[in-house]
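As structure tokens, the structure follows; a few thoughts come after it.
First chain written, first letter: the chains are A, B, C and D, and each begins at residue 1.
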Amino acid sequence: MNKTLEEVVSIEFNRQIGIDTCLMGFRSTSLASLAKPGQFLMIHLGRETKDPLLRRPFSIHGIKDKNKLMILYRIIGKGTSLLSTFKEGDPISVIGPLGNGFNLPRPNERTLFVAGGMGIAPLFFLTQVLNEVQKHKFKMFLGFPTSQEVVLLDQLKDLNVDLSLTTEDGSLGIKGLVTDLLDQYLGQRLTKRPVIYACGPTPMLKKIAQKSFTFNLKCYVSLEGSMACGLGICQGCAVKAANSKDKPYYYVCQDGPVFPAEMIDWEVM
Amino acid sequence: MVSSPNLSVEIGGLKLKNPVITASGTFGYGNELIPFYDPSLLGAIIVKGLSLRPMPGNPPPRIVETPCGLLNAIGLANIGIETFIEEKLPFLSKINTPIITNIYGHTIKDYAKMAKRIESVDRIAAIEINISCPNVEEGGMAFGTDPDIAAMVTDQVVKNTTKPVIVKLTPNVTDITIIAKAVESAGAKAISVTNTFLGMAVDVATRRPKLANITGGLSGPAIKPMALYLVHKVVANVKIPVIGLGGIMDYRDALEFLLVGARAIQVGTANLINPKTAMEIVNSLTDFCVREKISNINQIIGGLKVNGENHEKGGDKKNK
Amino acid sequence: MVSSPNLSVEIGGLKLKNPVITASGTFGYGNELIPFYDPSLLGAIIVKGLSLRPMPGNPPPRIVETPCGLLNAIGLANIGIETFIEEKLPFLSKINTPIITNIYGHTIKDYAKMAKRIESVDRIAAIEINISCPNVEEGGMAFGTDPDIAAMVTDQVVKNTTKPVIVKLTPNVTDITIIAKAVESAGAKAISVTNTFLGMAVDVATRRPKLANITGGLSGPAIKPMALYLVHKVVANVKIPVIGLGGIMDYRDALEFLLVGARAIQVGTANLINPKTAMEIVNSLTDFCVREKISNINQIIGGLKVNGENHEKGGDKKNK
Amino acid sequence: MNKTLEEVVSIEFNRQIGIDTCLMGFRSTSLASLAKPGQFLMIHLGRETKDPLLRRPFSIHGIKDKNKLMILYRIIGKGTSLLSTFKEGDPISVIGPLGNGFNLPRPNERTLFVAGGMGIAPLFFLTQVLNEVQKHKFKMFLGFPTSQEVVLLDQLKDLNVDLSLTTEDGSLGIKGLVTDLLDQYLGQRLTKRPVIYACGPTPMLKKIAQKSFTFNLKCYVSLEGSMACGLGICQGCAVKAANSKDKPYYYVCQDGPVFPAEMIDWEVM
């Protein structure tokens, strides 16, 4: 198992950067030195209360100055609502870094990033890291339901990303789903076969995985799953393995969250 | 000179350095134990429930959070007793505290076979029988709601091992004392109270159960008052020690169970939230004893005051 | 034209304008109803449990908060059926919604006598029998854990009244469906599931139980997953309508119970925290139906999807 | 029943004024116009969470500018810890004013206020109100465990209070309990028999009540009790009535929290 820490950190900033979307940063030199793109943190939000009971998983969204970590989150329920009320200086307990990160592409490999909504969180960190070692542009398809939810456009441009944006209602960028862009893209004659890195809602990942099989492309997906512990203990975060003879289920927190698409049984997803 | 308090307790001949045990299914098998602290500090470790052969567990979603509770339908996903002994036990053996296996069988024969197998393994200190899992089709809880079957399972395990046998009861019964007395008569050396409470949750948006298994077992702080009540009740009705669990999150919760007469306590769901919980409870119990000038934890066990009287101590009295 | 959705449901011949009922003991008798809204907006009102003669209730402390739960041992403090009819009913009678009395007896005869007395009072629309109170010495829950006694109580009440008889069950049993079927056979027109779960809490500082009564009944969000499971189970096993309750705090909780097949729901502990809860649930259910284009609330009842199939509707099917 | 409101108010200030003691103020013209000394509020602290579940009762500590209400509270557990984290502008739901307030003394009556710890909260409001109509000094015995917990001394002096302070450890004022002062005081020859108004921990109130019986003094006590609703609905807040034939129990929230001492059965307290 990778090295894992439990630390009580102090929030440096926690601000809304879009409709229901917030960016939270805290300082931890030790976590920052361990964290890799694709890994996540389990954050305890209860403080004085036992409701919410469980920690909540969040991808590591970026590292700054070698000692600051960031998470990007959407307010969707009890835990994230509570989190959004936390202020600078408030203490929170963080466990991490957890799970296996992305396998970095080889220097000459072409990459294609596909992100849906908050799926941008870990992919942003990945481009940030790749940007330091690779010079060429990264192609990214990024989708949101509507323009009001779109975040990070400027930051992605700074990161040398060749971005195509979709919104479902067409209020910004191209109207449609990111998977439509993928269809189009893969429909073209490709000079070089890209490696796909995808993160977002499960139905989106399923489509992308199936495309990757059709076009015989290497594809990494970062999955979500209901998690209690994030530590490989509770066996709550099961996903069905494609080749279920050896191992019927993988555990997202331990075996993932990033999986080569072919490892997963997409039928049941 | 301030001497450090004696926290050790005895459960059916097994001496524990303190009364804090990790509950089955919430602390892993062994090498998955997160190295947040040295597990040798614990009173004992109960590993994930094992069956004769590996079990895949239920399809996901397997867990859902409820108000102050965790509903799980893991379905006893486990690697089977053989693989456990081969692959996991060597690591566990390095830990300087008793290792207790929690076993589950589809049939009474399964239980007997597992007991026999475990009997040959020195490093396993005791057996906890799970006749109370709500998340499996056969056996499981069905065995734990009928006093005769509960006694038969106990009897078969006891016959096949010389190790102390602990029976873990289900709370989902009308009168838990009947089951408790039945397994006591059948030779159980201790009783764990309680496993999870049956529950379910519905996703209003999709109109589907939130668990693929539809129903699951509820654990965590939500169940603490009920678990405590059951422990209180069982303690008053058996002579053998009772191990209390259900929603213990900190040393104060642990003390509540000890006060009603639990000889030891188990930490379950709390491990998943704060993996250091069990160790912190050991430390805080020590501090508490020092602060309160209690030299031996046994002075607390059963120390509940009811109408000016001390509550009868678990294990030190007659049935009534 | 957008027509407003039809929220009305029928419980044993009683037509309710919506499925939202206030639970016994959590909404007062009548003039204590806090005038935060017009109670005529509710589907029905169930008043505090009444006994033949006044009861003083248990000594304090009677309540204690637990994680997401409320543990109470009120002990059925009440003014007695006669005083209720004389002093409280006149006020309640002005409310334009069915008034249901919740009754409790020390003996089966008590229940019969109360039923007879209520039969003569026009303004009482139905009787809910409490055979499930954990906080009284005699009767109460003891009646609710034995199918034969439960049936006898039901039978005696049914024989003495023409009003619909609802039986409120205790969750503290191994198999609630046995009790449910017993009271159905005995003539109950509906079943309320569930009363409180047995629990206790200990004050570590004083080493005393937090409740003077030692044990109490647990209610509130903590019990919701368990209550929902029980409703789901009872719905599948009886033909008469089931009224679901236990930890309902908002309209989403209410929908969970309706989806598993409850014909109506009761709001208990939530009234104590936010006295407007029941009214807000009525409003939110209306909004929900409009939003989801549901013209009749009965389309939701039993609408749980399990493996692509709709869950069988409570009341529309055979036992199985 | 008195008029009762449920209102979501916005916190104006919430600051620590002593070790573990905070003062919180909010604006509500309607509540301010109804509130009487001795009444209390039920405050919902959960917001995003269901733990703490129940509202918490707090005495009305004062009114300012006819539209601001204040509560004075000690951080002792989950709810009060949470409350202490609330900031200016945060919304909270308040129900009140609840219960029966103090019977005001007649203009020529001598009064004696006895407060233990947070028992000062409602008595402060009472002196505030009396101060507007009466000119003479109010005698008050005020006790705390230790000097660090002492609050409001200056404010009480502004209110024309003739204050005797005790701390149990003698770190400020007179060493001992407020009830010691009462013993001394009542041991003297009193020219005018005072009416006692007492609020504080139950053992203190019990002693004071018994003294009042011995000396045949009128005595009002403001009681606490475990409350679920505060509205007279749940019957949780029972206290045994002295003359339990008519009514075996009173309900603190409805029949109190202020009771003439002789109404209560102090034996079982």
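Criterion: contacts are C-beta pairs under 8 Å (C-beta built on N, C-alpha and C of every residue); 3 or more make two chains touch, one makes a residue touch a chain.
It should be emphasised that the depicted structure is a prediction, and the values quoted were computed from it without experimental measurement.
Undergrad: Name, by label, each chain that touches both members of the pair chain A and chain D.
TA: Chains that touch both chain A and chain D, as defined above, are B, C.
Undergrad: In whole angstrom, how far does the Cα centroid of chain A sit from the Cα centroid of chain B?
TA: Roughly 37 Å, centre to centre.
Undergrad: Roughly how far is chain B from chain C, centre to centre by C-alpha average, rounded to an integer in Å?
TA: That gives a centre separation of 34 Å.
Undergrad: Quick one: chain B and chain D, Cα centre-to-centre, how many Å?
TA: Each chain's C-alpha centroid was found; their separation is 46 Å.
Undergrad: Could you check chain B for residues that touch two or more other chains and list them?
TA: Within chain B, residues 67-69, 220-221 contact more than one other chain.
Undergrad: Going by the touch rule set out above, which residues of chain A reach two or more other chains?
TA: As it turns out, chain A has residues touching two or more other chains at 50-52.
Undergrad: With chains as vertices joined when they touch, what's the shape: line, ring, star, complete or other?
TA: Complete.
Undergrad: Within their complex, state which residues of chain C touch chain D.
TA: Per the touch definition, chain C meets chain D at residues 25-28, 31-32, 34-36, 48, 56-57, 59-65, 67-70, 72, 74, 77, 220-221, 249, 269, 271-276.
Undergrad: Touching residues of chain D toward chain C in the complex: what are they?
TA: Against chain C, chain D makes touches at 1, 4, 6, 44, 50-55, 93, 95, 225-229, 231-240, 244, 248-249, 254, 268.
Undergrad: What residues of chain B sit close enough to touch chain D in their complex?
TA: Residue positions touching the partner: 67-68, 221.
Undergrad: Using the touch rule from the top, collect the residues of chain A that touch chain C in their complex.
TA: Within the complex, chain A touches chain C at residues 50-51.
Undergrad: Show me the residue ranges of chain D that touch chain A in the complex, using the header's touch definition.
TA: 46, 48-52, 78, 81-82, 85, 87
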